[in-house]
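The two complexes that follow have subunit A in common; it is paired with subunit B in the first and with subunit C in the second.
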Partner chain A sequence: MMEVSPSTVSFREFGCEQTLLSRPDGSASFVQGDTSVMAGVYGPAEVKVSKEIYDRATLEVLVHPKVGLPGVRERSQEQCVRETCEASLLLSLHPRSSLTLILQVLHDDGSLLSCCLNAACMALMDAGLSMSCLFCGVTCAISTDGEIITDPTAAQEKESRALMTFAIDSKERRVMMSSTKGSFSVHELQQCITVSQKASEKIFQFYRDSVRRRYSKNL
Partner chain B sequence: MAAGFKTAEPLEYHRSFLKENCRPDGRELSEFRTTTLNIGSISTADGSALVKMGNTTIICGIKAELANPTAEAPGKGYIVPNVDLPPLCSSRFRPGPPGEQAQAASQFIADVIESSEVIKTEDLCIDRGKLCWVLYCDIMCLDYDGNILDACIIALLAALKNTQLAEVVVNKETSVPEVDLEKRQRLHIHKHPVGASFCVFDDSILIVDPTAEEESLSTAHLTVVTDEEDRLCSVHKPGGTPLSGEKLQECINRATTRQREIHKLIDKVLDSVKTSQ
Partner chain C sequence: MKDTPLANCERDFLLKAIEEKKRLDGRQTYDYRKIKITFGTDYGCCFVDLGQTRVMAQVSCELVAPKESRPNEGIMFFNLELSPMASPAFEQGRQSELSVKLNRQLERCLRNSKCIDTESLCVVSGEKGWQIRVDVHTLNNDGNLMDAASVAAISALCHFRHPDVGIQGEEITVYSPEERDPIPLSIYHMPISVSFAFFQQGTYLLVDPCEREERVMDGLLMIAMNKHREICSIQSSGGIMLLKEQVMRCSKIASVKVSEITELINRALLNDKTARKAGGRCGFAESMPQERITALKMGQRSVEMTDVSETASSIVQTAEAPLQTVPSPLVPVPGVGQVGEGLCNAWGLEEEEEENEDGESSGGDSVAGVTKMEDEQHKDDKSRKVDVVEILDSDEEEEEVVILYPETTKKAKLMRRGQENDSEDGFEEEVSENEDDMEHIQTKKKQIEKSSDDDNDHAKISVTLMSKNGNSSWFLSPPENQGRPLAENGFRMTPPIKYATSWTDDN
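Here is the complex of A and B:
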């Protein structure tokens, strides 16, 4: 198996800002290069009777594209983000209540799903909801000559042979979510998972730095 | 007594079986339900198939239409898959516009078609920039008892293998397409993608081909799609509890053996259809 050192994992410029909206209970914007997503969390609040679950909170995720109405692709993204959040949030602490997470895409320049996941995690953190672990999203593209590119741009995504997005948990660095496009070998999949696990360390370090920066300003 | 236990404590009920490495319906953890296949069930469609996996029943019909290619891809036809989960198949679905699960399933099937290159869309082009085939693949669930994604892929693949397209000649003088319904050609199927779905119980136990009940009690789902060259076309895990690389490998190994079984089944059924004609 190929050795992956953290230095081979490169990202575009990351940026994150929390609590920039006044109405939601938690909000964040996450920027990866030119890709930018804004997230807002409402809740725990009252839930519609039809959606009520007696022993835990109902989580709803809405993904709004930059232009037009949400379509089938957004539904599939919503499902991925929702089930990832459900696994990390301690929903049984808020039975019979609702949580709403809204993701507004501001600009898409590749790695959109991973940016959505990162924005979602920062917003949930900002809302002060109890979670069993944090998660981050990493997108890997395999170029036509077999090279693995982390955090690809839209142009790199288009040229790539296969594209994979993983959500990695902060506790044991295991795969929470996986969504792939294109065909690839088992070996390539395992390589991409290893790369994503390395990459996740950098992202979690970025989470830590940006939260620390924010609280050092306030105090 | 057992029925009461099952209703009151469904999770405990399943756990007591899983502890003994078996499941309430008598299957082992890595055993699929009996899969039956009927190809060419709808005579009015250009291609069709009906799949049963245990109680789960999926029917797929393919309709071919002539259309203009898009401006971005003048040399390609297109395939439009649609998964329908009507209220008939389970009480969890309500009438009205398709719900999240149906839309996510449609997107998944579209992704599998694109990633696996089961059909090269170039093959559907008749006259570059002017005329091409559109394949509408309507997949409908008749009975929902879990694991619809696997059943959908089998139904789609079998229906595509059954599809025959009429010969079309574009008249040079009038440039009107002339369809010859007598001369029909089979589609060229490049790859045979087959899926295998798994559920994770209590964060660690992997079971294959879950029923609807097992799906609702489990903590994570995973679908692996492979083709005959053992390449992965999709590793779809929409959230849920985390899995390690080793566990994923186990799933992939099971998925490749499943691909062989289903590929053989489809070929066998197609042969029997041909000989009976």
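Here is the complex of A and C:
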């Protein structure tokens, strides 16, 4: 039985800034250690006829890499984020309209997908869109000696045997999305899910603190 | 998504304000907005804030074969992307007119001005050289993207360091930053673009137009200049006629602005250098404002994990064990393997239909199928004591074919069908078949007349209708029902058919 030592299960320092761009309806930048992502949301707005859905809003997610043009990696990240957002947003409130979420990678130092998810959630909150629950992303890496590392850096990701990212909802701490890489046992998967669920509490607490700060009268 | 249109009253207001030498944000005519330059964690990453306009530039490098026309030079590549994040009007993956214009201007400003020593980027002449790629991402468009992009690009280029390479004979070694310090680019001068917006056919001039002002301007003049007051590129757009004096005045203003901005870039670079030397943290994460209420930062947190292992194992234990049995594969036909349920169809009806279709498609069998049905229906009809022959309406002759009961005809038809289907030629054959059958009918009529003479009482006649879309058959009811198809049989009758009654008369 492998042990989860408390030293590896920790978050790097994280920070968030909302409403930092003037043009989008909602914007946020999320920083986890050195990894940082900026997100902008437009909508609900008019939708192209070809993309119109008669009973709910069309959600479009775009991920822009730092260097070069979006490729397959970005497409898969887009899909992961879109499916998570679709599950939490109340899209049926805005039929025949479009929501656009743009994520710009500012720096990648590991746990990029979870950072994208967190930035997306903060931006959607900032845009004031109705959601059934909040969500957050947690990345776990299993190192070669079986240790679980949460929020790994790029170097830790490289050395790890398996990498998992989960989107956790705020209501029941359920897994909304999972994206895994590498091989692991069922037991390890369950362990990582449990770790992520526990770790998500910290992120949701951070969400709460930042919203409280935002609507407070003094700093 | 379309950009929000500018209302006419807004437009008039803006123009009137400009006429009165006033600007919306309180600036003077020649004032720039506040410029903020931030460097990222890695080399060659630069954020520029020009008021609310925000741009990010990232420089990257790659070892490639140099261009054949210039074997001793590295390659510079510029890409300015109008991300939809910057403005709802910018679309993903579409080269708009604005995007082409800005890309071209950036290239002219930085590549064609020869501000970077491309010869120093050559590694092995004609074989290997560095390709320097500059990606400029627009994050927020509040006007004057070009100036922000040019400042970001040149700052990023100054900040960038490419890995050192060593050449031993044929071998090229690229050293990691830990092994050897990366090398900065050699930059001769720093061209910076300054934009001037013109209103009322060039009567009024504004430096660094914001987004609202850009919307109402008549023309734009972009001058790229370095601090030595050398003009690197100049471009006028919007189709306004400018006087020589106006251009001269603009270039004078530009020289002042450029020296200010160059000073700022140098200070920012020096600041970053000392910060890096001191080993302190740098980058975007550090530049995040602390004093805003919209921003929050949290230090490193550890997560308590006391019962993770136990929870995980309890979940695994309580979880339902997956089915271990794997059904052995079935091989219905050579070359096809099947595993899993649903091999046999529970929908008997569907299967029958399939069979029927199969039968029909395989020609000869279909006739057998039809005749079988006919036989069954004969049994049903026996109680009715049919003694009927049928005749076609003369008008509908092309549509239907009638086959009459007597054994001989059925057999003949069977044979004929078999022969025809051998030739496997669908449509034309069928037509000819119909025609043949028409003749056939004529002969059969006589036979019927004969046979009905033979056994007056119980003549049963089956009618097969050959419509173009398939086979259908039905029976004629006895004379008292006068040629109506039996409803119980449920066979479809194609086009409404009038049944000639003349045969009875003939009889």
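The rule is short, and it goes like this: the second predicted complex is superposed on the first by the 207 of 219 C-alpha atoms of A that agree within 3 Å, B and C clash if a C-alpha of one lies under 4 Å from a C-alpha of the other, contacts with A are read in each partner's own complex, and residues count from 1 in each chain.
Basically, a contact is a pair of C-beta atoms (placed from the backbone, for glycine too) under 8 Å apart; a residue touches a chain by one contact, two chains touch by 3 or more.
Because the structure is a prediction, the values reported are computed rather than measured.
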Greater residue coverage of subunit A in the superposed arrangement, subunit B or subunit C: C
Touched partner set for A:20, first subunit B, second subunit C, both or neither: second
First (subunit B), second (subunit C), both or neither touched by A:73: first
Subunit B versus subunit C as contact partner of A:182, first or second or both or neither: first
Contacts of A:90 with subunit B and subunit C, given as first, second, both or neither: neither
Contacts of A:155 with subunit B and subunit C, given as first, second, both or neither: neither
First, second, both or neither for A:190, with subunit B first and subunit C second: both
Touched partner set for A:167, first subunit B, second subunit C, both or neither: first
Which of subunit B and subunit C A:202 touches, first, second, both or neither: second
Subunit B/subunit C common contact set on subunit A: 186, 190, 193-194
Parts of subunit A lying in touch with subunit B, wherever the complex brings them together: 72-73, 75-76, 78-87, 162, 164, 167-169, 171-172, 174-186, 189-190, 193-194
Subunit C contact footprint on subunit A (complex, rising order): 1-4, 6-7, 9-24, 27, 29, 31, 33-34, 36, 38, 40, 42, 45-46, 62, 64, 66-68, 98, 100, 102, 104, 106-107, 109, 148, 150, 186-188, 190-191, 193-195, 198-199, 201-202, 206, 209-210, 213-214, 216, 219
Touching residues (chain side subunit B, partner subunit A) in the complex: 100, 103-104, 106-108, 110-111, 114-117, 219-220, 222, 227, 230-245, 248-249, 252
Touch list for subunit C against partner subunit A, complex: 1-2, 40-42, 45, 52, 54, 56, 58, 60, 81, 83-88, 92, 133, 135, 137, 139-142, 283-285, 288-289, 291-305, 308-309, 311-313, 315-316
